[in-house]
Amino acid sequence: MLAVEELHKVYDGRGRRVEAIGDLTFEVEAGSFVCVVGPSGCGKTTLLRCCAGLLAPTSGTVTLSGAPVTGPPEGLAVVFQEYGRSLFPWLRVADNVDLPLRAAGVAKATRRELVGEALGAVGLADAHRAYPWQLSGGMQQRVAIARAIAYQPRVLLLDEPFAAVDAQTRADLEDLIRDVWRRFGMTLLFVTHDIDEAVYLGQRVIMLTSSPTRVAEDLPIDLPDERDQLTTRGDPRFAELRGRVYAQIQKAKLEGRTT
Amino acid sequence: MRILLGVAGLLGFGALLELAPRVGLVSDRYAPPTSTILVTLAQRTGESRFWLAVADTLRTWLLGLLIAVALGVAVGIALGTVPVVRRATASTVEFLRPIPSVALIPLVVVLYGSTVTSTLVLVVYAAFWQVLVQVMHGVADVDPVARDTARTYGLGRLARVRYLVWPTALPYVVTGVRLAATVALILTITGELVIGSPGLGQEIATARTSGAVPAMYALTVVTGLLGVLANVATRAAERRVLHWHPSLRAEVAA
Amino acid sequence: ACGADGADEPAPGQPDKVTVGVIPILDVAPIYLGIEQGFFDERDIEITLEQAEGGAAIVPAVVSGQYQFGFSNMVSLLIASSEGLPVKVVSNGNNSTGVDGEDFAALMVKADSPIRTAADLEGKTVAANTLQNIVDTSVRQSVRKAGGDPTKVRFTALPFPDQPAALASGQVDAVFVVEPFQQAVLAEGGRAIASSYVDAAPNLTVAAYFTSQQLLADNPDLATRFTEAMAESLSYADSHPDEVRTIIASYTEIAPEVIEKLTLPTFPPEVNRESVATLADLALEDGLLSKAADVDALLP
Amino acid sequence: MSGILARVGYALALPVVLVAVWWFASAGSTDFYFPPLSRIVAVFPDTWLSSRLADDVLPSLTRLGIGYGVALLAGVALGLAIGSNRVVAAVTEPLLEFLRAIPPPVLVPILILVAGIGDTMKVLVIVSGCLWPVLLNTVDGVRAVDPVLADTCRTYRVRGGRRWWHLVIRSASPRIVTGARQALSVGIILMVISEMFAASSGLGYAVIQFKDGFRIPQMWSGVILLGLLGVLLSVLFRIVEHRVLGWYHGSRDGPRER
Amino acid sequence: MLAVEELHKVYDGRGRRVEAIGDLTFEVEAGSFVCVVGPSGCGKTTLLRCCAGLLAPTSGTVTLSGAPVTGPPEGLAVVFQEYGRSLFPWLRVADNVDLPLRAAGVAKATRRELVGEALGAVGLADAHRAYPWQLSGGMQQRVAIARAIAYQPRVLLLDEPFAAVDAQTRADLEDLIRDVWRRFGMTLLFVTHDIDEAVYLGQRVIMLTSSPTRVAEDLPIDLPDERDQLTTRGDPRFAELRGRVYAQIQKAKLEGRTT
């Protein structure tokens, strides 16, 4: 449903030319959960922005359900890596979560319920009336996640969404995301730099090389669909897969250094 | 505390202007001491004619300001958020902006006579640009991540203006209003003075052409005080609408 | 642009409502006095006076029909008419006293100034309320008369109210001021070196009331009645100086003790055509006019 | 190349349309105050491209340049002091607001007393108008310094002049530029107003002289010249701004390619 | 050398009163490497700001080498959690790193060397002339780290400094920080939400409870001083210690939820 074809992206401005994305082609089927890992600065955020229709590729195309993506398509939500800047400082936490719903014309009662549920799910039930800048980094990031969840998008793009939270909260959020994904059957593209997380969450892990990035490997994760933090991570197949990803990443990185 | 300091500032200035003629630094004929000015002012405040003039001036000023701000904000946001329109109008705006209101006086008078409308047109023309420039720069200050957020979550153009562009531009708008408020006041007075529509400006003109120097400055003091009042009002509004802004957040200031 | 829409059609039995643009100075005392004396009421004219600081707003307002009549200095009217503006004088305004050293306006210097006569102004700076107008033209004539070269005098534009201070602080070498600023300069010890309005022409008509050609064509009767009422007002003013002083106190803010001392202009009912012709010649000579003015077309 | 063409196209399209409308709408005008554009254009060269350019326009521009420069420096300096110190702000704000509301025609006599009637006075009139947009915007800019950046400077002990420059001024610079931009056109307006007083030459003086001398086509040509001057100065301003605020526009527009 | 005594911090503003730090007392000896872990929003950043002299405590004191901390002391560097906002957008990367050195009066040649070394060490040797906003999140974070390292502080406070980088880079940076610490003998307070990282890096791990935060446990890490990613993480003692920290955190979090 989300198809990236021969995507190529060069940043060129202010005396700096960076070929961020070399040549990317892959597809994400409707309703699937795909994780993307790759070294820092390889072009993951760039890729996500192209998929969201926020950035025009230098060449190549992104299509969603057959239609070329030229602007943000409907029913798509993004959790930005710069979570702090993606919250509106002039709106309280609940209003930040509420805003996309209002824009979508959701009824007031439903909105209140969705907002309350989402904030509760990320552990911020008592921060409704705070302003974003009164929150810790991790709390801000969770507000951004709550906003995306409450929106119930068909396609959800997440850019290192758990980077600022502690291990325990992260585990909880991982389960939350998988739960939401299964409940609503949405399509998920999840960028992370945590290999364990990628393997634990995804049905597939796409590994990218350093920039100009290409697909280093596209690894199906054949772990059972029912996952939980203890058994899944204890599964020997999990260890095997994460070893595979780890090795691949290291190889990609080394390659990137020599080329 | 703030108020006391502010009053101290005004008093200090007043004292300086009291002393300068007293010690012979300037002639008290042309720069009368503060006390003389204030006494004259006190006498004026006993005349109904004075208050009528103040009321006339206030009406023209506030109406002009209101129109200028509304126009400036609307046009500024329209130009700022629709790049094609901005690019197409930029040169025209730059052309019209530096044309002084005073050069337009005969034309305005031809169209509207020496009525309040004439003064109003001058006021709106001059104050409009003050707001427009600020709003356009404010609109351009939107954080790209916030902008992308709004776009991906499907906020329409209006919602984007309401929830993203407007709050971002608000600090600029407040400054624009503060600038426009005094420009509008100055043009109100100048318009009344030159065109002769009723108000404080006309009173100033009469005092001036009669060589009544203390009366002229007494009326000027009223103008200044109106300016101070306008600022008090905008500051109060600012504290309400911009409480979330880093410059007004209490905890950070500590 | 707006033709005659300002003038109300005279309804039978109803007075004509008329707006006149004036400057709040003593020159316009007769019209205030005339209104008070009922000279306009008698002729079914109901006047509203609009004050403006200078002529800037009055001429366009009259031409566009926003005002029916206006008050302006003679040179401005000469220039306006020679530039093709459809204005027409309907009444005299005020004249110099015609007495050298005792006019309502004077060319003045500081007490300790080495300047004795207008000829000494060569190479000096003189303040005039507006340039290329009646003041600098008259001053040049004073210089000429005193045997100096008027082209060597520098003029700088400065509103009357600001002139005494500029003179006192030595910013300018001489000023040309009208009352009440003449009194202000005298009070500082200043000295008059010439009565330029007197030098320009005997009994010079300094200013006049005018209207637009449009109104004259549409409502000649109103213009005639206005002219008559003005003539009566002017005569009355000329013969009742004390009432002039009283009325000045009502529309200006000149201090009572100054009002007593003011030298008043004279208010003959008729325009001094000869003086206007002289003024027109001087204006042409000084380059204010690009071509000789048609004085007869301007004057009634 | 095509970028430049597009820019020129955008810059000229609307003015061309407006001029055309003006030209034809005014073609048969007999209204004294609204002469045909063709007449205005016809008098333009004789009016301005003669000795007036050197005698009137250049001195005006010189005063504008000096006044604008002084206002920029003073506005930024005052703005830094007021924006960074709450006591200074509290003491000065009402006074400055008071002064700000005083109309030039009333201010001028005072200026004449302290500065005479020469160029200094006219420069001061320009300063008295240009100062405020710069000052107000600088104050706002200084107050809105990102607290994290301010903390960064504190911990790394970036202090004194270096802190003023690298933290305060640079982060306020987008606002300062807004003020400077605003002040530029205010400056042109006050250049004209300053020449209403104690002048015998200058662009503004000439325009007012034409107005008072009922030479309306010439006056219009002066108004047009003022407008053209505004356009020219804004182009220069944009070039400077592009250099000074490259980082700002980069960070605001950078990834916006849609 | 760094002593935190009965520290207490309440945020109070705009209708929200948060007791961030309940009562904290601990000490960090000169030259030691202490890691702090705790749930999201518990008050770690608040603690760091108090230690840096950037935030006045509501009560209690922080002293550094005996002197009470009332403003940022000399020779102290901080890597802020909001790395993006802590870089000067108007300065190029190299100038961002250079600025503190210039302020400290370091000679030009030395500065150039330090900047080059630090940027090289974090893998940004070729980004000298880029502006921060031209960099990916992880790259920005590495610039902030490079700036702190180049400054060679006596005391270094880091607030989740590796949150935005990939696993491989993170491992490299961990080793870099330990290397720098040992080379310069600096005192290090390191906030992280990665338990493995805390155990791998520190000589001690201070675990905090949810807010209002207290010290849940202060655990000495008795792993050998020579550490490397493979052997140390493979050490059974490592697994034991990380299990201990994990359990403690979970306990603290549960407690926090019930109170």
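Some observations on this one:
So that you can tell them apart, the chains are marked A, B, C, D and E in the order they are listed, and the count of residues begins at 1 in each.
As a convention for this text, a residue touches a chain if its C-beta (ideal position, glycine included) is under 8 Å from a C-beta of that chain, and two chains touch if they have at least 3 such contacts.
If you want to know which protein each chain is, UniProt gives these names: A, E = ABC transporter; B = ABC transporter permease; D = Nitrate ABC transporter permease.
Predicted model only: the values in this text are computed from it and were never measured.
Under the contact definition, chain B (ABC transporter permease) and chain E (ABC transporter) share the contacting chains A, D. Here the two chains linked by the largest count of contacting C-beta pairs are B-D. The geometric centre of chain A (ABC transporter) is 48 Å away from that of chain B (ABC transporter permease), both derived from CA atoms. Chain centres here are Cα averages; for chain B (ABC transporter permease) and chain D they lie 17 Å apart. Counting partner chains per residue, chain C has residues 1, 56, 59-60, 63-64, 159, 161, 165, 169 touching two or more of them.
For chain D, the set of residues touching two or more other chains reads 31, 33-34, 109, 113, 146, 196, 211, 216, 250-251, 254-255.
In chain A (ABC transporter), the residues touching two or more other chains are 13-14, 49, 53-54, 71, 82, 85, 131, 134.
The touching residues of chain A (ABC transporter), counted against chain D in their complex, run 13-14, 49, 53-56, 70-71.
Of all the residues in chain E (ABC transporter), the ones that touch chain D in their complex are 49, 52-54, 71-72, 74, 76-78, 80, 82, 85-86, 88-91, 99-100, 102-104, 131, 133-134, 147, 151. Contact residues of chain B (ABC transporter permease) toward chain C in the complex are 27, 29-30, 105-107, 109-115, 193-196, 202, 205-212, 215-216.
Taken together, the chain E (ABC transporter) residues at the contact with chain A (ABC transporter) in this complex read 11, 13-16, 18, 37-41, 43-45, 81-82, 84-85, 123, 129-131, 134-139, 142, 160, 163-170, 193-195, 246, 249-250, 253. By the touch rule above, chain D contacts chain B (ABC transporter permease) in their complex via residues 7, 10-15, 18, 31, 33-34, 87, 90-95, 97-106, 109-110, 113-114, 132-133, 136-137, 140, 143-147, 174-175, 177-178, 181-182, 184-185, 188-189, 192-193, 196, 204, 207-208, 211, 216, 219, 222-223, 226-231, 233-234, 251-256.
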